[in-house]
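First the structure, then my questions, so here it is.
Labels run A, B, C and D following the written order; every chain starts at residue 1.
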Amino acid sequence: MISIVRTYLTRLLPQLIALATIVAAVSIVFPGFLNLEIQNGRLYGSLIDILNRGAPVVLLAIGMTVVIATKGIDLSVGAVMAICGAVAASLITSGHSLGVTLLATLAVGVLCGVWNGILVAVLDIQPIIATLVLMVAGRGIAQLITEGAILTFNDAGLIFIGSGSFAGLPMPVVIWLLFGVLVALVVRRSALGMLIEAVGVNREASTLSGVLTPVLLIAAYVLSGLCAAIAGIIAAADIKGADANNAGLWLELDAILAVVVGGTSLLGGRFSIAASVLGAIIIQAINTGILLSGFPPEFNLIIKAAIIVFILVLQSPRFRTAFTFLSIPRAAGKPTEREAK
Amino acid sequence: MQTSDNILSASRIEKGFPGTRALDKVDFHLRRGEVHALLGENGAGKSTLIKCLTGAYRRDGGSILLDGAEVDPRDTFDAQRLGIGTVYQEVNLLPNLTVAENLFLGRQPRRFGMIDTKAMNRRARELLAEYELELDVTRDLASYSVAIQQVVAIARAVDLSGKVLILDEPTASLDAHEVAMLFRIVRRLKARGLGIVFITHFLEQVYEIADRITVLRNGQVVGTRDTAELTRRDLIAMMIGRELAAEIQSARPDAVEGEPRYSFRNYGRRGHVAPFDLDVRAGEVVGMAGLLGSGRTETAEILFGAHRADSGTAEIDGRPVNLSSPRAAIRRKFGFCPEDRKTAGIVGDLSVRENIVLALQARRGWTRPISRAEQNRLADHYIRALDIRTADREKPIKLLSGGNQQKAILARWLATEPELLILDEPTRGIDVGAHAEIVRLIETLREKGMSLIVISSELEELVAYSTRIVVLRDRAHVAELSGDRITAHQIVEAIAAANERGAS
Amino acid sequence: AELVVGFSQIGSESGWRAAETTLTKQQAEQRGIDLKFADAQQKQENQIKAIRSFIAQGVNAILLAPVVATGWDEVLQEAKDAEIPVILLDRTVDASKDLYLTAVTSDLVHEGNVAGKWLVDTVAGKPCNVVELQGTTGSSPAIDRKKGFEAALAGKDNLKIIRSQTGDFTRTKGKEVMESFLKAEDGGKNICALYAHNDDMAVGAIQAIKEAGLKPGKDILVVSIDAVPDIFQAMAAGEANATVELTPNMAGPAFDALAAYLKDGKEPPKWIQTESKLYTQADDPMKVYEEKKGLGY
Amino acid sequence: MKQKYLPLTATILIFLLSYALCVAQYPNMLSTRVIGNLLTDNAFLGIAAVGMTFVILSGGIDLSVGAVIAFTGVFLAVVLEHGGMHPLVAFALVLAITTAFGALMGAIIHYLEMPAFIVTLAGMFLARGMAFVLSIDSIPIKHPFYATLKGLYYKLPGGGRITLIGGLMLAVFAIGILIAHRTRFGTNVYALGGGTATAKLMGVPVAATTVRIYALSGLLAGLSGIVFSLYTSAGYSLAAVGVELDAITAVVIGGTLLTGGSGFVAGTLVGIFIQGLIQTYITFDGSLSSWWTKILIGLLLFAFILLQKGIIRVSRHERQRA
């Protein structure tokens, strides 16, 4: 047991250090950052905001991790979020019950995943392009549903998902925590994790070993679609309306970034869901930190870029070698004979 | 011993990898005008030594003298400029470039700063003509067979080597004819005064071409001898550190009688292999012989469902079965070790343990995971049983030496307890010790009643363990040998006969 | 033959714009105009491409809702050379006035100014810390509405903009940024008013204020711009205080001007300014909401 | 015909076929105006896409190009309008900056072994951020030299024009084709795409090549930014959002594999034309709502990819039978 904890800790150490650094840096600039208090039976404070606001990206990152582990990528998640938010809003406003609405919305997310999966696994289209199709068309579909307007709703149940709280935590946090643990358990307690990694590393060898690669690939995109659907519901519930134009816009990039910050290689193979979740939280911590810092918005992107580069450099396999290389004076290398000639 | 006629001298080369000491103060001296065989078991450190000499790896210690002057190639480009041409093991050339581009990468002839494609192609054709190859050099390398690619790699290395030519298992995927041609060229270079390093697991080839032999074991030099003074027995003892009981058992198994368990009728696939009939009985080893590109691999792939057959029927124990995918085949207890282990065999980033349990796990389905304890047990069992050299079972398999990777893949299939095991070149790139072990393993499996189909380019080996041999030529099954007709001579005859038939 | 008019729309980034598109199509239909609609997806280059295509197609006139003020000279010149009149909708351009027939727009700076004046009048000299939710960084409404608002506050020492961050014109970001404002300003106790560059951000921010346990519209005054239906609901509930209308019906006046011009060559004025009407809780918000609901917002 | 020209041929065929279909529906689409527009309007995208082709051929990706274009425009506007520099000097300066920026990203990718996707994503944030810091306003460029440059065009019969920037794009493509196929650097790019490890063992200078590839992409993104600033006579920090995705799409539609090592610069040109054609067609139609526009673009993209795959598969099959 202790050894398992230790393996996890070593795997997550760079992410934990990065997160701690950012939290420390922000709390120096803004001392109230670490304050937590209980208000209306719910925890309240900037740290909770990070967990809460990070919910969509955390969820997207969970699905994205698995897709990336198969050597794929899913650019459509932002659009799928928009579609699912729109579906949920239009169903609930047209009088369907909450249960039906949620089920139907999740089904739509799954359907989007199946579409992507078929393009990748069966039609053998490169993942970036395959999912680009839905990224472009998906937002159109979402707007078609809402006709370009923000579809507002007043269903208390649906709104609760966005801004209610459970056990002192905001619902979105509860949802991603539960869902993340569920996915991680399913993936690691079953053989899925290993099979997915095998497919991501060497699809041909896996197929020859009897792994059902097409099904696994489709399943990965389905999970991603499902995650996007949940994220879409949360995003819509949060603002009590489906904003097809802006929901999830560019979030696919944040999700991919989260996975990479979490240390999963874009070349597929080994993955860690916990690390990706941490990655997403790190990114949200950066965003929230920027908002709290009070800099003019013109500087947002530069600050974000600088912090990301810093984190990635810290994580990069070459960093330590490069560092030792720099610290050894170059003069130590004596000229070779060939150069002397 | 360091004399002035050494063209390349490496002293006290050291190289370590996490968890492994791959080279431990290795001395290696190559003379002008000699062919120097570098031998050792799988994982002994031969390829690592080569890579340290040519700058592909940064060595941890030691010095290199080329032509009496100290050199320190920073990368392979540097080594090439110094006049060291190398054919690396497995990593060959770039499949997406044309043959000519592969040959002249980095030194394309130029006119007015632009590559002179015409001149390049012409020179490529001239170069390959020396190897009796007439190729369309403007086609992508990928469109040629592995053997041809290997020859192109050799041609490139030879052309680059002003002083030293290093060949790391160049003959693994060549047949006798091409090996002879390679040796002619090596002798010519030798006469020109080049130093040639030759790594192989084929001992006959060593005795045919090498002047001296250096043996590595566990990253250390066991010794350097003149070939003429070293008997085969002693050489093997040097390599594996003990006497090998018998290299290959000469007692050939008797033919197996009875009803065939597996029977394929008119089985084939257009463009891959012509329809054939094939029967395999329990406890039988069917060997497949043929020249490179004769369709052996294609046959194996169709039998295993990696490519779907488009004609004919398959039956197991008289019942028709559908073998449309590897999964379907695996469900019928088939196993298949592919020939190209790097792209179709190993799952590089995963550990040895995961690679071994992969097929078994895939068959059980994802909902029934093999417990970690059981995985460890399986992995440890096969690491011991097949003598897989690895620091531990959690090492990523891509870090193992080639021969040990091959054994791990064999273990993957043995773990599924197959009833029909198809092995495509199972002994390619495997050292003598392991070679003998695999041959022994094939025999044990056969005795246990397993059916095997084994593809090999080594006729001696095929003859030793096959109960029957199918001969292929030009993507068609042309003959079947059994009983007393199973001899290397007969196989060659069968191929030649088919050749005449084809010519008439 | 019937009149063919090309309409190069910015995109569909907000409910307001969707309403403008809907109304433009409706107006065209009423007048029997064949409207060729091109959505530029927020990209100027796509708008330029669309105008060029309209010219190649030989339309009779072009409506252009420019995504940015600069960079239109060349393509407008081409339209002029092809004798196709161009009318600008809802935003003007930075080009010579003879390159287009007229511009039907509101004054973005003026809108910000109206909002600012309302706040100055409402707080009536009491000290008041204002937080500002900006539009998309770099977009002209964000720049101009900020400018106009600041101008209205200039010299009023009791009013101070203490925090200003972008909310990208969206509800989600409006809510997120407001949450951080509230945290940063002592749970919102330091904040007396919110100015949002559009209603969507204000609606998001209102939710954030409520979730922080404060009363929007009372503890924190809310003033924003656009006058989309949802803000009237908020005003009816007392959660928003004022909004400045930006009418989505720019096409009506534009088509009228075009018709007059084509009929007897009557040059319209270069700028047809739409009204920037201020709505407050006193203006029967529910009634306005009902009126606006069906307009495609 | 050679196997490797198949995707390119397929793409050209598809383009010609769909152009013919469009013309059948809207005869006006055959006019020289449309053809001239296709060149002028896509000039900046085409130039950026040439750089992207090299990056993708090497197995990488560059997400920063759109942001670099915007940065270039704003930088030019600021130095020309507030700095009083001559445009030619400013052009040289900005190209030096963007080239160095690209080279820096290449160096980070190679030496720190970080994935190109993420490094260039950070580059995208940085470049756009720099543009914001320079100016959030859109700044018109009124320098007379700009007017001179824009006055240079060749008038086709029928009202179409081959503008300076359209011609420049064609020139960049021509040079790109030469670099890809007739220089050692070009072959090295393909070599990297075939496999970095193998390329390294074969003596390809991986570090120098990687740095040069991204430097080239930076240079062309900068050139594209200059073209964009000529095209709009302005600098605007929100310009050219998402251009990288358009460029990637053009490259892929043009038959280049995203996995690297296989494809043609010329294919990218056809990819650009196909995208331009889709847009022109949608504008000519003019009846689609905003959302249907997006859906149709997605579906057409899908159709093109499928068609390409289909053509390649069918002709492979034919060959096998032969």
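The definition used in the following text is that a residue touches a chain if its C-beta (ideal position, glycine included) is under 8 Å from a C-beta of that chain, and two chains touch if they have at least 3 such contacts.
Keep in mind it's a predicted model, so treat the numbers as computed, not measured.
Between the CA-based centres of subunit B and subunit C the separation comes to 71 Å, rounded to the whole angstrom. Mean C-alpha position of subunit A lies 29 Å from that of subunit D.
One finds 33 Å separating the Cα centroids of subunit C and subunit D. As a whole-number value, the distance joining the C-alpha centres of subunit A and subunit B reads 43 Å.
Looking at subunit C, residues 12, 18, 21, 137 sit in touch with two or more other chains. Looking at subunit D, residues 132, 136, 289-291, 293-294 sit in touch with two or more other chains. Taken residue by residue, subunit B touches two or more other chains at no position, since every residue touches fewer. Arrangement of the chains shown, judged by which pairs touch: an irregular graph that fits none of the line, ring, star or complete shapes.
According to the touch criterion at the top of this document, the contacting chain pairs are A-B, A-C, A-D, B-D, C-D. Against subunit B, the residues of subunit D that register as touching in their complex are 2-4, 178, 181-184, 186-188, 190-191, 193-195, 197-205, 261-262, 320-321. For subunit B in complex with subunit D, the residues that touch the partner chain are 56, 75-77, 79-80, 86, 88, 91-97, 101-102, 105-106, 108, 110, 113-115, 117, 138-140, 143, 270-271.
Only residues 12-15, 17-19, 21, 134, 137, 163-166, 168-172, 175-177, 179-181, 183-184, 186, 200, 203-204, 207, 211-213, 230, 296-297 of subunit C touch subunit A when the two sit together in their complex.
Those residues of subunit D that touch subunit C in the shared complex are 26, 28-29, 31, 33-34, 37, 40-41, 44-45, 132, 136-140, 150, 159, 228, 231-242, 276, 279-280, 282-291, 293-294.
Those residues of subunit A whose C-beta lies close enough to touch subunit B in the complex are 189-192, 194-195, 197-198, 201-202, 204-212, 269-270, 336-338, 341.
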